[in-house]
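Okay, so subunit A shows up in both of these, paired with subunit B first and subunit C after.
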Partner chain A sequence: MVKFILDAEQRLFGETLHKLLAGTGTPEVIRAWAGGAPDRGLALWRSLADAGVFALAVPESAGGAGPLPVELVTAFHELGRHAVPGPLAETVAAAELLARLRGGPGAGETRDGDSGDGDSGDGDSGDGLAAAWLPRIAEGTAVVSLALPPAVPYALDADAADLVLAVDGDGLRVAAPGTARGSLDPSRRLFPVGAGPAEAHTAEAGEVLASGPAVRAAASAAFGLGALACAAQLVGLGRRLLEATVEYAGARRQFGQPIGAFQAVKHQLADVLVDLEYARPLVHGAALAYGSPDFARDVSAAKAAASEAAYAAARTALQVHGAIGYTDEYDLSLWIRKARALRSAWGSPAEHRARLIASLTGGRGSGGGP
Partner chain B sequence: MNIVVCVKQVPDTATERKLRSDDKTLDRDAADGVVNELDEYAVEEALRLKEAHGGEVTVLTMGPDKASETIRKALAMGADKAVHLVDDALHGSDALGTSYALAQTLKKIGFDLVVLGSESTDARTGVLAAMLAERLGVPQLTFANKVEVNGTSIAIQRVTDYGYDKVEAVLPAVVSVVEKINEPRYPSFKGIMAAKKKPVEKLGVADAEIDVAQVGLAGSWSEVADFAAAPPRAAGTVVKDEGDGGVKAADFLASKKFV
Partner chain C sequence: MDLDLSSVEPFRAEVRDWLRAHVPAAPLPSLETEEGFAAHRAWERELHGARLSVVSWPEPYGGRDASPLQWLVFEEEYYAAGAPGRVSQNGINLLAPTLFRHGTPEQLGRVLPPMASGEVIWAQAWSEPGAGSDLAALRATATPAPGGWLLNGQKTWSSRAAFADRGFGLFRSDPGAGRHHGLTYLMFPLDAEGLTRRPIGRLDGKPAFAELFFDDVFVPDADVIGAPGEGWKVAMSTAGNERGLTLRSPGRFTAAADRLVALWCERADPDDTALRDRVADAWIRARAYRLKGFETVSRTDDVGAETSVNKVFWSELDLALHETALDLLGPDGELEGEWLEGYVFSLAGPIYAGTNEIQRNVIAERVLGLPRTAR
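What follows is the complex of A and B.
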C-alpha cells in the first residue's frame, strides 16, 4: 500500500499558488484570453514563473529546478482548479522535449536505452534550440506551444506563443502555425502546424531542425509529461467544479429545502467525489514513476481516469446547477467547457486506455510514441 | 540593519473560531492555523527594508509547536532565520504577558528595528507594539502605511481617521504596519525549498530569562470571566412600499439616529 501524501513544502507550494490565483481572479483573465487580449494572461504567466512553476520542468543545469514531476502535478492541480488559460501543459512538455534533445541531466541516463542520439546528424540544432529556450521557459519569458501528432495534432494558442514546435514522426520543426480553429473551450485556440491529419495541412511545414530516434524518444517523453500535467489540471478542474456544485446545492432551495438535501443529488455529488479521489492517486503515482519504464503506462492510467472524473464533475455540475450552469456570464461555464476540452486534449480516455492495454499485453498495438 | 519581525499564528478567519470550555483560552485545534494577515505585511516590509538597506531579517514568534508552520511561511517569503519562543508556561498569556515575554527575547537576540502587524485577527487588542516599545524603552511608531529608514533615523506615516501623521524617531525602534503599506509577496518554490535549510532557534522561558510569574494564565492581568456564542442575527425590518416607502425608510433611519 502506497500513500501519496505531499510533504509540508509541496503543500505550502500548492497553497501559495492557490492564493496567488484566487487573488488574481482568473475568470476575468480567461475571458480576456478568449477575447484575443492575452496581456493579463501573459502577466499571470510571469507571476506563475516567478513562483517557480515552469522551472519545475527545466533541468537545473539550464536555469530550472527540475525535473520535479511531483511538484509539477501539485502546481498543475492548482492551475486546473483556477482554470488558468494558455499552453501550460504544452510549455512543460516542450521543456521536456528540449531537455532530452540537449542530452543533459534528465535525458538518457534515467531512461531505458533507446535514446541513442549518436546517430542524429542534426543534434546540434536541437541542442541550440534547447540552450536558447530552456532558460526562458524557466523564467517565464517564453510561452511555448507544441504539436505532437497524432495525439496532439494542433498547437494550442500558438498566436500567444513565442515558439511553436512540432514533431512529426522523428523530425522536429519550428512550425509556422496556420489559421486557428475553435475549441469547445473558447479560451483555447487550436492551430494547424502543417503535419498530422489532412485538414491540418493548411500551414507550411518549417525546416526540420533535428531528426532521428532521439527525437522520437524525446517526443515520447514530452508526451508523457504533457499528458501528466493535463491529468493534474483535470483533477483540479473537477475539484473546483465539485466545490462550486456542493456550495450551490446547499444554497439553492426547492420544495422547502436545499436541493443538496435530496438523496439523488447527494448521490451524484458523492459519485463525483469518488471518481476524483480515485483519479488523484493515479496522477501522483504516475508522477512518482517519472524516469521509470512504467511512466508512459502510469500516465495513461492517470489521464484516462482524470479525464473521466473531471468530465463527470462537469456534467454533474451542469445538472445540479440547472439552467444557470449554461449561462455564459456565470463563471461555472468556464470550468465546464475547459473540463470537456481537456478530456480529449493530450489523448482521449479511449486512446489512453488503448495505450494502457497495449503496455499490459506486451507493447503490441497503439502503445508506441505519439 | 538587524530587523526582527514578530509574527503570530492565528486560527483561520474563514472557519469558526472557538474558546476552550476548561481554561477559556483559544481552541487552537478547532481551526487551521494561518499567519496573521497583517503580519504578512510586516514580513514584506521587513524584507523590503533589508533589500534597500542590507542587514538581515529574523522572524520571532511565540506559540505552541504548531506555530512552526507560520515560521516556515515567513522564511519561505525570504526571512533569513527564526526564533521560536515555545514553552507550556506561556500558554494563556495576555497582551501584557506576551509583550513581556517578547521583550525579554528581543533583549536577548538583539535588534535595530522590530516590525509587527498592527493587530491580530484573533485577540484584536492592537496594543502589543506599544507595550513592546515601552518595555524595551525604545520609540514606538505605530499604524504605519509608509516606512523610511535613513541611517539611524526612521520616519513613518501614521494612519489616522483624518489622514496621516508624520512620526520620526531614532533607531532602535518598534514599528507596526497596516495593510495599506505594501503587497506581500508569494513565496516561490525556490524560497520554500530554501526555507528548509534556514536556522530556527527554539527558546524556552529559561533561555529567554522570562519570569514565569509574569506570563501564562496565572500571570495575566486580564481574565476571561465568561463567554457565549454570538446571538444569531435578528431578522431585519421589512418596509413594504405602498407609495410611502421612502417616508417609512427615512423614519426608520431617523429612529436609529442615522438622519
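What follows is the complex of A and C.
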C-alpha cells in the first residue's frame, strides 16, 4: 500500500521551507538575480541546502540523504510557491545524473529498474566527477546547471553555476556556455551549450568525460527527476498565483463591490483550483513511482498536467488583476512570467504528451529526447 | 454578401507596391521603448508622405476618403508586408473618431493634420487607480478657471504616455452630479506645467504605459471636446471604436495566421496533430474575423453593443495565435524574440478596451437581452 498523503514529518518539512522562504522575501532575491547580482540568491541556496533540500537528490553514500523523491517534490512545491530563482531542477537532475554514473558499490542505491546493465562505457571520469561534486551539491556549495538537448537545450543560469554539464546523445561533457539569451522570466538566463571552446567555463570544458549507454540511461533518469522537480515547482507557482489572486479579488473594488463578488471572476478562480487539485496528486504519484518502470510515464503525465494548470492559473491571475498584473513592478508578475517559462522547460506539454503516448503504446507515436 | 473585391484591386496594388519598397527590412526597435517610439514616429512621417497614414480620413486632414472596404484592404496589405506597429494608433483610432463626431471645425483643423503626420502623438488618459472597468468612478477633476480649466488628480495605464506629446481624457467637472454626469472630455499637453509622468514597465519591463499626476494643469476652453459636463456621452462614442474593428483590423490577424502556418512548416513535428489542429483553428478564426469584417463594413445599421462580440473575438484570437506559436517553439518559446513580443502584447488584449468579462456582460445583457445583474 503506497502512502498517498504526506506524513507529519514531510508536512512539517514543507512548512519549514515555506516559513524560511516567506521570511526571506523572495521577490527582492528574484529581482537581484535577474539584475545579475546573485549574492542573495546564492545565500538562499545555502539556506535551502542547510534545510536539506539538495541532499534529497544525493545518495547517502555520497554525502546526501537520498534519493527521497516524495520529500523532493514537497520541497520543490515550496520553491515554486515562492518563485525561487536559479538552476534548482537542473541541480537535482545533475545529482541524479552523477549518482547514476558512479561505478561500483553504491550504484544500486538509486533503485532504478532500467539501468542495471553494468555497461558503464567510458565511465571512469563520470565516476570522478560524481565523487567530486555530489557531496558539494548536497551541502549547497555547488550550483549546477545541466543541458539535455533536445528537450532541455539550454543551460539555465550557467553564469551563476559552479559546474555546467551537458549530455548530447550518449556523451557527457563539461559544457562551454555561449552567449545568454533572455527569457520571458527575467530571472532565467539561458545559455546555448554548443561544443567548442567559447568562453571556456572550466579548464576541461568541451571534453567528453564519459560516454556510452550508461550515460544515455543516466541522462534519461536525470531528465525524469528534473521534469518531476519542475512539475512540483509549477504546482507551487499555481497555488501561490491562486492564493494571491483570491486575496486581490476580495480587496479590489469596482462598481461598489469586491470584484470577487462577480460570478465571472469567481468561476475563473474556481476552475484554477480544480485544475491544480488534480495536478498535485499526479506529481505526488510520479514521485512515488520513482525507481519503478512507470516512472517516466508518470512524470510525463505530471509535467503535462502541472504545466497546463499553472499556466491557466497565471492567465487567470493576470486577467483578474487587470492592468496592475501586467506590470513588471508588481511582484506577482514574477510568478505569472515564471509559470509560462516553466511550462516549456524540462519538456513542453506537447513533448510530455508524446512521451506518455509512446510509453503507453510501447513506442508508437513520437517523443524523442534523452 | 458581395465578396467581389475587384473594385479595390488597383488600390491594393498601389499600397502593396509602396510597402514593398518602403517597409524597413529589419524590424524597428520595440514601439514600447523610447528609441522604438522615435523610430516609429519617423515611420509615420514616411507613411504620411505617401498619404497612407490615415487613408479613411477626408483629404484636407491628410487622408484619401477611402471607403471602409479600402481601409480593410489597406490593413491587410499593411500587416502582410510586416510593416511597423502604429505608434499613432490611440490618436487615430480613438481620438480622431471622437473629434469627427463631436469636435469643432477649428479643433479638426488644428488637431488632425499633425496627428496624421506623427508630429503629435496622442495618449489616452481615461483609467485611474480606482476607475478601471468602472470608469465612471473616476475622480480626477476639471475646475473652471479664467479662459479654461484646471486639472487635478491622477490617471494611470496611459499607453506610451511617457513618450507621447498630448493626452485626452475624462475629468469630473461637477462633483455634485451623478456618476455618469458632470464629466468633461479634455485634451492636454503631456509636458504641461504641473503634469508629472511616471513610466510604468509592462510585463517584459518595457515602459509601455505611464501614470500621470495633475497639479493645477491649465487647459484652455478650446481643448474641451463636446459640451462641458457631457463627457460621458462623448467618451462612449470613442469606446465603440476601441472595441470595434478600427483598433484591431482583420489584416493584423490574417497576417499573423499566415506567419503561424509558416512557423508550423519550419518547426512542427508533423505527427503532433494537437498542435496542427491549433494552427488550423487559429487560421480559421483569422479568416472568420476577416469575413466578419467585410460584413460589418457592408452594414448600414448601427452595430452598437455588437462591438463587444468583436472585442472578445479578436483579443482571444490574438492570444491563441501567439500561444500556439510559443508552443510550436517548444523550449525556445520563452526566449526573447518577435513571437514573444507579440505574445506579451496579446496578453493585454483581454484587459484593455473594456475587459472581456465586461464585454461578456454587455453581450449577455444588451445583445442577448438577458436580465441585468444588479450593480
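Throughout what follows, the second predicted complex is superposed on the first by the 332 of 370 C-alpha atoms of A that agree within 3 Å, B and C clash if a C-alpha of one lies under 4 Å from a C-alpha of the other, contacts with A are read in each partner's own complex, and residues count from 1 in each chain.
Here is the rule we go by: contacts are C-beta pairs under 8 Å (C-beta built on N, C-alpha and C of every residue); 3 or more make two chains touch, one makes a residue touch a chain.
The structure displayed is predicted, hence computed values, not measured ones.
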First (subunit B), second (subunit C), both or neither touched by A:341: second
Contact breadth on subunit A, by residue count: subunit C or subunit B: C
Which of subunit B and subunit C A:318 touches, first, second, both or neither: second
Which superposed partner A:186 touches (first subunit B, second subunit C, both, neither): second
A:354 touches, of subunit B and subunit C: first, second, both or neither? second
Subunit B versus subunit C as contact partner of A:275, first or second or both or neither: neither
Footprint of subunit C on subunit A - complex, ascending: 150-154, 181-186, 188, 190, 254-257, 259, 262, 264-265, 315, 318-319, 322-323, 326-329, 333, 336-337, 340-341, 344-345, 348-351, 353-354, 365-366
For the subunit B and subunit A complex, residues of the former touching the latter: 69, 72-73, 76, 186-190, 192-193, 195-196
In the complex with subunit B, residue positions of subunit A that touch it: 8-9, 12-13, 16-17, 19-20, 47, 50-53, 55-56, 65, 71
Touch list for subunit C against partner subunit A, complex: 127, 132-134, 137, 156-157, 200-205, 209, 269, 271-272, 274-275, 326-327, 329-336, 340, 343-344, 347-348, 350-352, 355-357, 360-361, 373, 375
